[in-house]
Amino acid sequence: MNKIKVTIWNEFRHEKQMEEVRKIYPEGIHGAIAQGIAADDLEIRLAALDDPEQGLPDEVIASTDVLIWWGHCAHGEVRDELVAKVLKRVQEGMGLIVLHSGHASKIFKAVTGCSGALKWREAEEKERLWNIAPTHPITQGIDEYFELPHEEMYGERFDIPKTAETIFISWFEGGNVFRSGFTLERGYGKFFYFQPGHETYRNFYDKNVLKVIGNAVRWAKPVFLREMAFPMVPALEEIRSTGFGAPKAGIIQNIDGSNK
Amino acid sequence: MNKIKVTIWNEFRHEKQMEEVRKIYPEGIHGAIAQGIAADDLEIRLAALDDPEQGLPDEVIASTDVLIWWGHCAHGEVRDELVAKVLKRVQEGMGLIVLHSGHASKIFKAVTGCSGALKWREAEEKERLWNIAPTHPITQGIDEYFELPHEEMYGERFDIPKTAETIFISWFEGGNVFRSGFTLERGYGKFFYFQPGHETYRNFYDKNVLKVIGNAVRWAKPVFLREMAFPMVPALEEIRSTGFGAPKAGIIQNIDGSNK
Amino acid sequence: MNKIKVTIWNEFRHEKQMEEVRKIYPEGIHGAIAQGIAADDLEIRLAALDDPEQGLPDEVIASTDVLIWWGHCAHGEVRDELVAKVLKRVQEGMGLIVLHSGHASKIFKAVTGCSGALKWREAEEKERLWNIAPTHPITQGIDEYFELPHEEMYGERFDIPKTAETIFISWFEGGNVFRSGFTLERGYGKFFYFQPGHETYRNFYDKNVLKVIGNAVRWAKPVFLREMAFPMVPALEEIRSTGFGAPKAGIIQNIDGSNK
Amino acid sequence: MNKIKVTIWNEFRHEKQMEEVRKIYPEGIHGAIAQGIAADDLEIRLAALDDPEQGLPDEVIASTDVLIWWGHCAHGEVRDELVAKVLKRVQEGMGLIVLHSGHASKIFKAVTGCSGALKWREAEEKERLWNIAPTHPITQGIDEYFELPHEEMYGERFDIPKTAETIFISWFEGGNVFRSGFTLERGYGKFFYFQPGHETYRNFYDKNVLKVIGNAVRWAKPVFLREMAFPMVPALEEIRSTGFGAPKAGIIQNIDGSNK
C-alpha cells in the first residue's frame, strides 16, 4: 500500500522564544503532532518557517499528499509566492489541514476567501466540542462530544463561508460558541480547519484531538492529483447557427491570466 | 432614497485594439452596461485598467456599493495590492459582480478560492440559459429560460466551490453545459458570477442579460459596511476552571496577521 | 401595499390543561405571538388544533402567505392529509415558520426529510443565542447575541439537513450547544425553524424573540404562488437522432404519481 | 469482508404489460441492474411492488444496507406506511438510490421535501451527462462526460433542494439541461438520485450507467445503523440560574410525536 505523504508545517517560533511553550512542546508542535498521529500508513515529514525556502521547497510540495499547517505570530512573513503554490497544489488535489491560530494565516484566507475573523480570549477555560457530523470520516472513533480542560476561546461570529460543512460546534465555559471544525473543497482538494491547539496548553497530546487530525489526514488524501487547465475544445455537435463546428482561433487565456 | 453607488470596471483594451470590438462597443463594454442598466436608483461610475491607480483609487472603493468587473487579457496586470483591497471591501459588505472572462481574474480566484478553470470555444454558437432559481431576486422578470444567438461557449467542469448557489445552467449548441450564473457570500458581502459577455458579440445589449445584471446590483448592495475585527473579549460567564473570568493578556493578533 | 397574510397555528392544549401555562399565556401562545408581532403590514389570523378542520380549512391555507406553527404533545393527532396540504402549499410558495417543539411535528419532518431528533432538558437554564448570520434579513435589529434567562435546553446533535443555513447557534448554561435557528427552501417556499418558546417560560414576550419571528415573516413571504407541474414539452432544437423533434405520446405522469 | 446487502426494488409492471419493454428487460429492470452491478462485495436481492408486503417486509428493510428504487406508473399504490418505514431506515443509516421516474415516487418526495417536478419528453434523443464532481466516489471510473444515444428527456427546472450536491448535469439534444445526478444526506443515511433509465430504452445495459450505480452503492452503504432518539439528558455543568442542574420531570416526547 502506498503510504500517505504528510508534511507538518509549523511556524516553530514560540517553542524557541517562550520557555513556557518549550516546556510543553520541546520538539515543537509539529513534532508532537507527528508523534501523536504516527502510523504505518503515514509517511511524515516536518517543516518550519525558518527552514530553507520557508520549509516548503517545490519538491516537498510536489510530493506531499496532505499538508498540516500551524502558524500564529508570523503569518505576515510567509511569502505570497509560497501561499500561491500551496493553494495551487490544493486545487490540484493536495489535502490541507489548518490548525488553531492558522485561521488568520494567508493560506486559510486564500482557501476560504474570507477573513477568518473571530472573537478570542485566553482564560484557561473549558471547551466542549460537540460532534454534529457522526457519519463523517473525520469523526469516526469520536464520541458525541469531547472536552478539553483548558483551551483558548475562539468565538462566533467566525468569518468563514456559510456553506462550509460544520463537523464540530464548541461550547466554551465563558459563554461563547464556535464552529470548531469545518470542511471545504477547492478544485480537486479537500480542506479541514480544526480549532484546538493553543501553544500554552497541552491539547496536541489529547487523544481525541489527535484522533481527529489522523482521521482528517486519511479523509483529505488526494483522490488524484491533476493540473487545472483551460482547454479550448471542439464542438461535440454540429453548430448550425454559423454553419461550422470548428472553433475559431481565439485569444488563448492561461490559468495564470496571461494570454493563451 | 439613497442611490446604490455602482462602479463598472472594464479592462477596456479590446475596444481600443480591435476594430471588430470597437464597432460593437464604441464606448466600451462598461459604457454599454452603464447605459443598459441606467435607472433612478443607481449612481453609476466607470473605471478602466489604464485609468490612474488602475481605475480604483481608495476613495472609489470606499464609496462603491456594488462593483462590476469585466476583464480578459490583462488579468495579470491588475496589481495584487488592488485585488487585496477589493477583496477586503467585499468582506466588509461591498457587492461584487464578475462577468464572463472575469472567471480567470485575480479577484474571482481570490473570492472563490478556486481556479475558475473551464472549457471554452469561440464558434458563434447558440446559448440557452435555464433559470433554475425562479424565486431568487436575480431572476425576477426572467422567464424559465432565455437564448443568446451567439456566445462564446464556456463549459463544465467549471472549477468553482461545489456549494455555490447555482442560478442559471446553460445549454450550448455544441454539446456543452455550464453553471452560467452562481452566487457566493464572503464576509458581509455578496458575489455573483454571470457568464455572458464575450467582446465580439452583442450580448451586453440583450434585455435579459441587462435585466439579470440590474437585478444582481440590487441584490448585492450592502446590508451594512463594517470592518472585520479580531476582538479579544471578556468572559460572559464566570470561569471556574481557573478561578477567573478576565482574559489574560495575550499575544494580540491583527487581521493582517501582524502581532496584536 | 398588500398586507402579508399570516396564520398562527397553535396546538393550544397546554394553555387549557395546565394552570401554570394558562397564567403565562392566557390568550394562548398564538395570541401572545400575534400581539407581539402585530404591525400595519401584517394581517394576522389565529388557528388551533381543536378548531374545525384542525384550524386549517382549504380556504385558509389558500389565503395564507406565511404560516407559523407551534405544537408539542399532539403532533400525532394532526391529520396526514392536512400535513400534505401544508407541504404542497409551501412548495407552491407559502412561507412556513416552525417554533420550538414543532421540531417533532409531522410538518417539520415532511419539510426537512429528517427526524428532528435532539437532546432536551427542562432545567430553567440560561440560553444565549449567537447571531452567526448578521446580514440575513431574519437577524436585522438583533445584536451579535441575545440571552433568555430561562429556556428549555435543546441540544446537538440535531437531526436536520447538514446543508441547512444556520442563523443562530445557542449556548446553554448546562453545557450544550444547538443550531437554534436555520432556514431551508422547498419548491418556491421558504422555511425557518426557531428554537425558543417552551410553554412554561415567558419567551414569546421577549423583544428579541418577537423581532426574529417578525423578521422571518417578512423574509418568508411568497415571491409568487404557483402550482408545481410536470409538463410534457416539445423539443426546442431539432432532434436528429430519431429524425423528429415532436415528443411521442407517452404515459403522462401527474405530480401525485397517478397516470398522466 | 462483510458483503453490502443490496435490495433492488422495481415496480415491475411495464415489463409484464408492454411487449416493447419485456423485449428489452425480459427479467425486469431490477434483474438487469442486478446482473449489471453483480460483484463479490455485493449481496443482491430483488423486490417488486406485487410481491407480498409490496416486496419490502420489515425483515428485508432491516437487513438492507442499500435500497435501489425504480418506479413509474404505480407510485400512488405504494403504501404510506411502507414509505414511512423506508424513510425511517434511511434516517437510521440505510443508503437509498432512486432511479429515473422515481423522481415522482413517494419516497423521493419524502426524502427531499420537494415535489420532484420537472419537464419531460420522450423523443429518443441523445443525452450527454457531464461529470461535474470528478473527485466524488460516485464518478470514479467515469470520464468527463458520457453519452446515451436515446433517453427520455428530463429538464429543468427540477424541483429539488437547491443545496443538493450536483454530480452530473445533462445536455439534451432537444435543448434542455438537467441535474441528472445529485446527493443528499438524511439522518445517518445517504441518498443518490440518478436520471437515466426509461423503460423503453436500453440504458440499464450501458457500462457507464452501471458503473455509476455500482459506485453509488459503495458510497451509500451505512457508516453505522442507529435508531434516532430524543433523549432527556442531565446537565453537564452546574446550572445556577435556578440553583440545580438536574432536569425537571417533563412531558416526554417520542420521535413519533406521541407523548414521552
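Note that the chains are named A, B, C and D in the order they appear, and that numbering of residues resets to 1 at the start of each chain.
Operating definition for what follows: a contact is a pair of C-beta atoms (placed from the backbone, for glycine too) under 8 Å apart; a residue touches a chain by one contact, two chains touch by 3 or more.
Everything numeric in this text was worked out from a predicted model, so none of it was measured.
Fewest steps needed to get from chain B to chain D, stepping only to touching chains, is 1. The pair A-D is the one among B-D, A-B or A-D whose contacts match those of B-C for more than half of the residue pairs.
Simply put, chain A must spin 180° to overlay its Cα atoms on chain B, rounded in steps of 5. In this structure chain C contacts its sequence twin chain D using mostly the same residue numbers, the overlap exceeding half.
Each chain gets one centre point, the mean of its Cα atoms, and the points for chain C and chain D are 26 Å apart.
In whole angstrom, the spacing between the mean C-alpha positions of chain A and chain D is 33. For the pair chain A and chain C, the distance between C-alpha centroids works out to 37 Å.
Listed for chain B are residues 128, 134, 155, 162-163, 173, 175-176, 185, 236-237, each touching two or more other chains. The touching residues of chain C, when paired with chain A in their complex, are 128, 130-134, 144, 155-158, 162-163, 165-166, 169-172, 175-177, 179. Within the complex, the chain B residues that touch chain C are 93, 128, 134-135, 140, 163, 173, 185, 188, 223-224, 236-237. Across the interface of their complex, chain B is touched by residues 72-76, 80, 87-88, 91, 101, 104-106, 110-126, 149-150, 152-153, 155, 159, 161-164, 173-176, 184-187, 228-237, 239-242, 244-248, 250-251, 253, 255-259 of chain A.
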